[in-house]
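There are two complexes below, and they share chain A, which is joined by chain B in the first and by chain C in the second.
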Partner chain A sequence: MKPSGLRRSERPMVWLFLFPMTAIYVLMFIFPSLRAFYISLFDWSGFTASMRYVGLGNFRELLGDDYFWSVAFVNTLKILFIGGAIIFAIAFLLSGVLSTNLRGKKIFRAITFFPTVLSPIAVAILWSFIYNDRWGLLNSTLKLLGQERLILTWMAPEHLFGSILAALVWMNTGFYCIILLAALDRIPQQTIESAYLDGAGEMQVFWRIKIPMIKDILATALTLWAINAVKEFGLLFAWAGGVDIPAAGATNLAVKMYVTAFGRRVTVYRMGYATAMGIVMFLLVALLVFLISRAFRSEVFEY
Partner chain B sequence: MIFFKKLLKILAKAFLVAWCLFSVLGFIWILITSLKTNRELFKNAWGLFTEPQWDNYASIWTSFKLSRNFLNSIYVVSLSVIEIILVCTPAAYVLSRVKFFGSRALTSLVVFGMGVPFQLLLIPLYFSMHSIGMVDSLFGLSIVYCALSIPFTVFLEMGFFRNLPTALAEAAYIDGSGPIKTFLLIMLPLGMPGVITAAIFNFVSLWNEFLLALTFLNSDTLFTLPVGLFGLQTSMQYTGKWTTMFAGFVIVTVPTMVIYMLLSRKIISGLTMGAIKE
Partner chain C sequence: MKRILVLLLVLSLFAALLPAALAEPVTLEYACMFTEGEPNAQWLKDIIPEFEAQTGIKVDITFVGRDVLTKIKSRVLTNDPPDLVDQDHSELFAAFLSGDETLLTDLGDFLKSENWDKDGTVADQFNMAMLEMYAKDGKVYIVPFSFITSGFFYNKNMFKEAGVEAPATWADFLAAAETFKSKGIPFIGHDGQISFYNAYYYYWAVQRVMGAGNFLRAATDATGAAWDEPGFLEAAKMVFEISKGGKDYFAKGYEGSAYPAGQSDWAMDGAAVNLNGAWLPNEVRDLVENWDWGFFPFPVVEGGQGKVTDMEAYLLGWAIPQGAKHPAEAMEFLRFATSRANADRSVDTTLNIASNKLAKFPDVHKDVGIYLANATNFHLSYDGVMSKAPQWWADVFYDLDNKLFFGTITPEDFISQIKEKTIEFYKNK
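On to the complex of A and B.
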């Protein structure tokens, strides 16, 4: 479609329309993003004017920070890949069922999507009710079913991350499920039916027809997941209960970064160092987005 | 083979039912528990209450400032959404329909912002806002929200404006209508579904926003609902008044749930549209 152009005399209007957005965006988004790279070169407590230039010192320290890599970074990667694999597997399964002629489809769709509109803090509280070892939903249901040997202290350090990951999966699956569902609903029914008539099995139809035909939306969904998974903060931070040194199982890059900068009771206030962590997060997202767009660019499928 | 296929389908359907049942039963369990006493909860987590403890609700409502948090959230989120729509809509309109020097570059710059985790700019932005006295203010927070919502909102609205027919705008030009008039009277009403979608998307995501609210607000009189809920959760863990906390959870989630039930269709399409619409 050809956009309708403006006449020469109306050109100033373009700037009038664009100015508020561009001004706010440049001043409050682009400028701080660029300034982050500058701040990361300093040792700075934030609330004083004195910034000590340390060059790449923050990054050097970060590289040697074993806890940052072996706990925070690894947990973020686990959320990204293990959590992501589970989320997309369940989302595909649910959207596959939801795309058939199912009775009560709309209600199922609405319930599946519901966790998306809940605040992550509410989700953290909800799951702490589920996991409580004395009266939680999980353990008391296990007791009811006579499966006492499965009862665990779900929020004990050794199980904490897995328990949080389950909550994360529950919270995020609905969103990706509904996106995939919308994509699946766009595939012409004939294409699938004729494939079945040609003798294709369920698996073949899924991998050879459905996946290629929803490729563009799948790429978008994966990109959104990559960004959201790295940013994930509220659920883990609320789980940690606002303490200054959150449990290892509740620490990812975002939590570590926040605590390093703004940890409340123990004053850390290492702004340069925390910003360096923010840059690591940015680079991780950039790398993932690049890889996803690379992987999906080849062979564009035409409807 | 056919038997196997049938079985697979039944299992998948059963999984969907179980997945949804889990959410529904979980909420019923919370509703029941919120009316129990602590002792009843400890004795039998699945049991009913002997007498509904409405006190749980009364005490959480008075001892925590949930109503205050609620009003703060309504204020800051509504204000932000208005700012976002006012700032982004004209820009998205121009970017999607007019070619001018730098339009490509500006569009890429805006879209680029969608891939930036806020953690990158959190500290620089915090201290910029600090230096102009805009920290610990709901208005300041609303501007932060507005700025950080620009990339996705512009991207989303551009998708809508791009697909509008040009004929009407052309006709308006021929009739001598200026660009502002054309935009306000013709193109904006046509693009309204996009604007509403963007408003719903931003409303829901800002309503639940936690990191920025936690960082930019210090006084508890200004806390938004997620921050207030977070405070409630931390303090409840020490007092051990569990069933009261269930009541707090209900108070906070029921309005969301009611609005969601009324508008689920609009909300679902509002939240997923950006991904689907190319």
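On to the complex of A and C.
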């Protein structure tokens, strides 16, 4: 008998059960993905049947596209690394607090998770109210606290990216906090108590006990963040009210790809070129997933 | 035998008539750029039942919203488009007419046919010079329902209280701005988060200094040499002068104002003027009662090539995609919808200016009407740059224009950077 434990006569049944999902996956995911590579080799508006083959022309043009690299790519990296660092720092802090025997823990968990369920469009509108120069919550609060010197035009070009990043952090932290919380909750309490009895401090327990013991889940959370950060779209696109191409501070790879393919009042309509941008996004995600899996490749604790 | 023959004859006649009797009425599929609650959608919902009753043609309208062309893209590709689609003429042209292929139905014969009111041709209802701006190889493919232009909308009461007249020249404009500033009243209300609103200023300044066609010429000049012409710098200086980096005639925080906060604030007496499209009164009409609207075009410049009789024509219109199943019925709908009575109803419902030149003029746009009546030349919005050089517009112009408009770069830096980036942009193609 094979290690799978399946008899030869049972194999057709396995293939039969696997077939529907495999077919759907190939048709709905593998084929479009491969098709994207093909389309990136053409100059094509997306409206006509005729596509002009340009080979690697779109990629050559992309390499020299100053706006793509200096604005869209850089903003994506900032969301990924700066946004990610803030999100995980807050998520660890909150999950640390919420994993204790705090009263009303469930309510706090729900409140923490709440921004995650909101539509990005609603979040964009909400935060643009908060940032309003004259009657927004932020400047009004600063005024109330007598901190006029801190009052800024938060959505001015020089502050726009930072302001959107704050909203992104607010929107995403709850999700990663809940993942980390679930991981921390499954660490046996006696392991932590033993460490304290052996004289370990809070930081030692955190870095040497908790982090190694949730490494597998942390890797999953980081991978999810890497993917979500690169393809982040809704909040940035909605920031300009969805009526215009977002300003530089609200442009990342996904937004740039969308407006290049479909325009937004500005009639760019370059499906082939936008698909080449999509390939760059895919390669970036693949690289990040590879690096994360390498960095976290080690023995997994079983407990 | 005779009886059988008669019976057979009756049966065959019945069989011949049965399909016609059972046939479904033709259903016209219409993909619309408006969303359900918008005034234009309401106008269509009002007139469609009447069209159906009068013609027996059903209309299946879907209010898709501004993404309508994106949404029907795959259907156009598979040669299964809706029978009718609407959008602004620039977007329709760019999507369906700009490449080698022509994806819309030629409306030349339709325009020559009798109009719904039976008092001339369909073409007689329009200013054909406007339609021909969006023609391809001399053929017209898009029929408009709404005419939009851009200019300064102003609060007549505030002007009266400040003792200021609507400015005709740039010098008058600066003087008016200074008067308001001296009284501590913001002169210009603006939503700086919308780049195409910001772009109005530089585009109009170039139109007034150099005349139509020059902005497009510079935008498509791969050598960048056009940007050395002094008119472009002069226009940049005009924009910088009123910006936060110059004399700062805008309401505070305009550079970070998210649409529609700035225009709403302006409508509620927060500022005196707002440079915008003629859709503006419609967007803010619910915010105030008895507001006295006024309009003046972008002021002319002393010694400039642009005249007050040069007018922007931004049109919203219909097109029938190639491959539509019911083009004749779609044309019938256009004939009906562009009739004078229906154009009048569109004015009543939307407060927009109807493209039918015989239709009544909305009261809120009576000042626009004066300039429109005297207009001798029409040009595309943004001088056609947004639709004819869209990627340059998005990747090169917007960012630099925003910086100039918010006063964070000087006019000289704007010109040198736009020249440099234009050369780089075309070199990379």
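The rule we apply is simple: the second predicted complex is superposed on the first by the 275 of 303 C-alpha atoms of A that agree within 3 Å, B and C clash if a C-alpha of one lies under 4 Å from a C-alpha of the other, contacts with A are read in each partner's own complex, and residues count from 1 in each chain.
One rule holds for everything that comes next: contacts are C-beta pairs under 8 Å (C-beta built on N, C-alpha and C of every residue); 3 or more make two chains touch, one makes a residue touch a chain.
What you see is a predicted model; the values in this text were computed from it and never measured.
A.B. asks: Quick one: chain B and chain C on chain A, clash or fit?
C.D. replies: Verdict on chain A: clash between chain B and chain C.
A.B. asks: Which of the two partners, first being chain B and second being chain C, lies in contact with A:Thr153: first, second, both, or neither?
C.D. replies: second
A.B. asks: Now for A:Gly263: first (chain B), second (chain C), both, or neither, which partner does it touch?
C.D. replies: The second partner, chain C, only.
A.B. asks: Give one of first, second, both or neither to describe whether A:Ser119 is in contact with chain B, with chain C, with both, or with none.
C.D. replies: A:Ser119: touches chain B, not chain C.
A.B. asks: Return first, second, both or neither, reflecting whether A:Gly46 touches chain B, chain C, both chains, or no partner chain.
C.D. replies: The answer is both, since A:Gly46 touches chain B and chain C.
A.B. asks: Is A:Phe29 touching anything from chain B or chain C once the two structures are fitted on A? First, second, both or neither.
C.D. replies: first
A.B. asks: Applying the document's definition of touch, where does A:Glu61 land relative to chain B and chain C: first, second, both, or neither?
C.D. replies: second
A.B. asks: Please indicate which partner A:Leu224 is in contact with in the superposed arrangement: first for chain B, second for chain C, both, or neither.
C.D. replies: Touch partner of A:Leu224: chain B, not chain C.
A.B. asks: For the overlaid complexes, name the partner, chain B or chain C, with more touching residues on chain A.
C.D. replies: Counted on chain A, the partner with more touching residues turns out to be B.
A.B. asks: After superposition on the shared chain, which partner residues are touched by A:Ala238: those of chain B (first), chain C (second), both, or neither?
C.D. replies: Touch status of A:Ala238: first partner only.
A.B. asks: Mind working out whether A:Tyr131 is in touch with chain B, chain C, both or neither, as first, second, both or neither?
C.D. replies: In the superposed model, A:Tyr131 contacts chain C only, not chain B.
A.B. asks: Which listed stretch of chain C (131-139, 203-211, 257-265 or 329-337) steric-clashes with chain B in the superposition?
C.D. replies: For chain C, the clashing option is 257-265.
A.B. asks: Which chain A residues come up in both lists, the one for chain B and the one for chain C?
C.D. replies: Common interface on chain A, chain B vs chain C: 46, 128, 132, 134, 241-242, 262.
A.B. asks: Going by the contact rule at the top, pick out the chain B residues touching chain A in the complex.
C.D. replies: Its residues touching chain A are 5, 8-9, 12-13, 15-17, 19-20, 23-24, 26, 29-30, 33, 41-42, 44-46, 86-88, 90-91, 93-100, 106, 109-110, 113-128, 143-144, 146-148, 150-151, 154, 162-163, 166, 169-170, 173, 178-180, 183, 204, 207-208, 210-211, 214-215, 225-226, 229-231, 233-234, 237, 242, 245-246, 249, 252-253, 256-257, 260-261, 264, 267-268, 271-272, 275-276, 278.
A.B. asks: Could you pull out which chain A residues touch chain C in their complex?
C.D. replies: 45-50, 61, 64-67, 71, 128, 131-134, 153-160, 239-245, 247-248, 259-260, 262-263, 265-270
A.B. asks: Okay, in this complex, where on chain C does chain A touch?
C.D. replies: 66-67, 69-70, 73, 76-77, 90-91, 94-96, 98-101, 103, 192-196, 252-253, 255-261, 265, 386-387, 390-391, 393-396, 398-399, 402-403, 406, 408, 421, 424-425, 427-429
A.B. asks: State the interface residues of chain A toward chain B in the complex, per the touch definition above.
C.D. replies: Touching chain B: residues 1-7, 10-11, 13-14, 16-18, 20-22, 24-25, 27-33, 35-36, 39, 46, 90, 93-94, 96-98, 102, 107-122, 124-126, 128-130, 132, 134-137, 140-141, 144, 175, 178-179, 182-183, 202, 216-217, 220-221, 223-224, 227, 230-231, 233-234, 237-238, 241-242, 253-254, 257-258, 261-262, 271, 274-275, 277-279, 281-282, 285-286, 289 of chain A.
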